[in-house]
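Shown next, in structure tokens, is the structure this report addresses.
A, B and C label the chains in the order they appear, each numbered from 1.
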Amino acid sequence: MPETTPDAASLEFRDVTKRYPGAEHPAVDDLSLEVAAGEICVLVGPSGCGKTTAMRMVNRLIDITEGDILVGEQSVRDRKPSELRREIGYAIQQTGLFPHHTVGDNIATVPKLLGWDKDRIRERVDELIELISLDPDEVRDRFPAQLSGGQRQRIGVARSLAADPRILLMDEPFGAIDPINRERLQNEFLRLQAKLSKTVVFVTHDIDEAIKMGDRIAVMRAPGKLAQYATPAEMLLNPANEFVEQFVGADRALKRLALQRVRDIDLWKVAHARVGDRVREVRTRIEDSDLELAMLLDDEGRPQHWLDERELQGETVEADSGPEATPVVELDDVLRDALGYLLSAETQFGPVVDDAGRMVGVLSMEVISHALHMPADQVRSSTDLIPEDEELLPGEDEAA
Amino acid sequence: MIEVLAQIQFEKRTGAGCVAENGFCPSWIANNINKYWTPLLEHIYLTVVSLGLGFLIAFSLALLAHRRRWLTGPITGVTGALYTVPSVAAFLLLLPITGRGNLTAIVALVAYTLLILFRNITTGLRNVPADVVDAARGMGLTDGQILRQVELPLALPEILAGVRIALTTTVGLATLAFFAGGGGLGKQIYSESAGTGGLFFKSNVVVAGGLAVLLAAFGDLLILGGQRLALPWRRVTAT
Amino acid sequence: MSLLILAQATGGGSLGCGNPPQRPIFIDAFDFVVKQRESVSGGVCIGGPKEILDLAATHLLISFIAVAIAVLISVPLGLYLGHKGKGEFMAISASNVGRAVPSLALLAFFVAFVGVGYVNVILVLTLLAIPPILTNAYVGVQQVDRDLVGAARGMGLTESQIIRQVELPLAMPTVFAGLRTSAVAVVATATIAPLANVQSLGTPIITPQTYGLAGQIGAALVVALITLVIDAGLGRAQRLSTPKGLTINERGAKRRRFAFLTPRTES
């Protein structure tokens, strides 16, 4: 990032109420919440719950009726709306890209308003296009109509970042994209966020997206009330009320498993064996382990077969016998996926390997069920969950 | 009475047998074409001035109605009534007020352009996608900047479509301006006194009527061409 | 100031239809409509309700015949083309070309090449009336949601049932808008019918040597009034032709509209 990067600002809703004349209930009712600088706060809830209204009051697209919103300790009410908005990034579902401007000009909108000089704008535009994994020379001079849906969404996000805003408002920014590409864009944004550490207010109606994107989630319910404000793990473990419990869904335990990786939990120890080992020694090792079986490893330490009572006869361990060591679980798998592997292999447990494929332990149903009861503060935050090596395939979202 | 006029007309004419037989006479046209240039210029003058003034008025009204939505109905009603009154009647009804001549013609022609232009400009502004305006406001563009940088450029195709309709309509109606004592090609088509043979002389009708049609078509193509140049983003398609 | 132009006193008076006194021109024009007087050149009685009604009757008759023929031709054609999705260029450019040809030029062309008389005038008016109706019928059908037509087909409606039960009702407001544009244009153009030797409300306008300024302006007033009435009437018909489901809003309330303000959807 260039030297202009201002620090991300904290955000506070202080008893904020929005009332429309003639409406029976307020659209937002006495909302108070704090977002720490650099965190993603997701506003989630069914349609009509007031989440978008709440977000739009931050940059004063909607006027606050009562209460106040503080951006970096300063009231938004004291600011001239157009100036305030130039400091706050804004990305929306329909992208709102200017169809008559090129991609480059679209991204340059706010820098131009702020009077940046031409060279600085050009540099910034290219930097941002690269940041969202597109080729500046290819897309800079195109019009939005020449891009795919996913590319347009990305340009929308790049445009909102153009002037290094202290806060970013995103209103269902990936809502109009098919599920596969939405996941890619979500991952890409989280990776971006790991670098930029913006304060983000993210509106969605999709609880899975909220759990994935949010450092903290504000569940809202009509009319404009905050039902719970908590980290994803805390909310999944202890829903504050019946509404949140229902909104999160009956599978909230499973959802919670998506927040944890195999790496993060205590695995079962298992007895190792290699061809030529003495059977008696292997039996001793089994007694010190959590399982009545041993795992036969090859020379590189990769799991080969399970060895049970029948195989552990004679003097030494022999090759090519026993049940196969499937499914193989990796340390980076999230628990939900790992559970899926176990279930589809119709087994209670499976070997876990590291990056090099070496045996490190055993994951079992029991281990997973134990992880479900782990306290919320020991569950890792979402930003760490994104695989670093995920490549964006060329033309990945042409179907959009 | 018309027959009598027709006979007088025949006697007045000079030239070859083609003219006497009221045929389509290329040689007569070649000899008399100079008589059409001034009326053509007058016609262009009437059209351009009326369209220009009409656009200024309609544009101001449209901007007003854009900010104050409730004005759209009343303005459409009034301009609609102006549009409905037949041009010939309008020319005559204005005569006692504005006198014979171009002023009356222009006032009436301007009145005709208002509905078309106002409707197209407001429709164009209204059809600007709401998300684009929302994004513009969210990024901190002021109302004036949104109007100039976003709404008007995006409404331009609709606005120009209105200008095209208004242009061809005005060229057509300007042929009737002679009722108000205005000039233009209509006088050539109709009148004996224009020295081109009037309504019954085929060669005259073809030349004068043809020039009016060509003027409309040429103006239309001119705006269409300008529109192509001004709107590069409309020509692109998704890859 | 020119409003104070006074009507010229006309000579004679021997016919017994009298001479109008001097007064402001618009009042004189009104008087022309309601009361007979002697012509400017003398020798005949002009004006008054009887002559105006006679002229108006011819005016409206030729207009009505022309519009009726135009409807019979262009509505079925427009519906068919729109339903088939064919002939877009023809249907759309019809109204563009129609606008580019001045009505006076078209009438003059007929007078010079075909001749004068009722048939020719009606032909000219019909030609003027066709483009807006044709284009609007086509556009009206085309803008019916294609999914809706697909659904109708999926439910087993035949093509002609689709046209009659789905496309025509939904296109009705647009068709009426075209009809309205055409009718107003035809009534306006019928004003210059006297150029082709057909007497209409244009007669006093085109022959000031007989009818005088008062006659010209009186006739202009009547023509203007008639078109405004027709426009408002057809505007009302346009609204009545709109299927109810399209005019009520979410709350079930009908949208408030004035006949004056009904949009003319013309492309």
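To be clear about the criterion, contacts are C-beta pairs under 8 Å (C-beta built on N, C-alpha and C of every residue); 3 or more make two chains touch, one makes a residue touch a chain.
As the structure is a prediction and not an experimental result, all values here were calculated from the model.
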Inset, instruction - Indicate which of the five shapes (line, ring, star, complete, other) describes how the chains touch one another. - result: line
Legend entry - Higher-contact pair (C-beta pairs counted), B-C versus A-B: B-C
Legend entry - Centroid distance [mean C-alpha coordinates] between subunit C and subunit A, Å: 65
Inset, instruction - Mind checking the centre-to-centre distance between subunit B and subunit C? Centres are C-alpha means, answer in whole Å. - result: 19
Inset, instruction - Round to the nearest whole Å and give the separation of the Cα centres of subunit A and subunit B. - result: 60
Legend entry - Junction residues of subunit C - those touching two or more other chains: none
Legend entry - For subunit B, residues that touch 2 or more chains besides their own: none
Legend entry - subunit A-facing residues of subunit B, complex: 129, 131-142, 145, 150, 153-154, 231-233, 236-239
Inset, instruction - Could you pull out which subunit C residues touch subunit B in their complex? - result: 2-3, 5, 25-26, 96, 99-106, 108-109, 111-113, 116, 184, 187-189, 191-192, 194-195, 197, 202, 205, 207, 213, 216-217, 219-221, 223-224, 227-228, 231, 258, 260-261, 263-264
Legend entry - Interfacial residue positions of subunit A with respect to subunit B in the complex: 59, 61, 81-86, 90, 92-101, 109-110, 113, 142-143, 145-148, 156, 159-160, 169
Inset, instruction - In the complex, go through subunit B and note every residue touching subunit C. - result: 1-2, 22, 73-74, 76-77, 80-81, 84-90, 92-93, 95-99, 115, 119, 165, 168-169, 171-176, 179, 186, 189-190, 199-202, 204-206, 208-210, 212-213, 216-217, 220
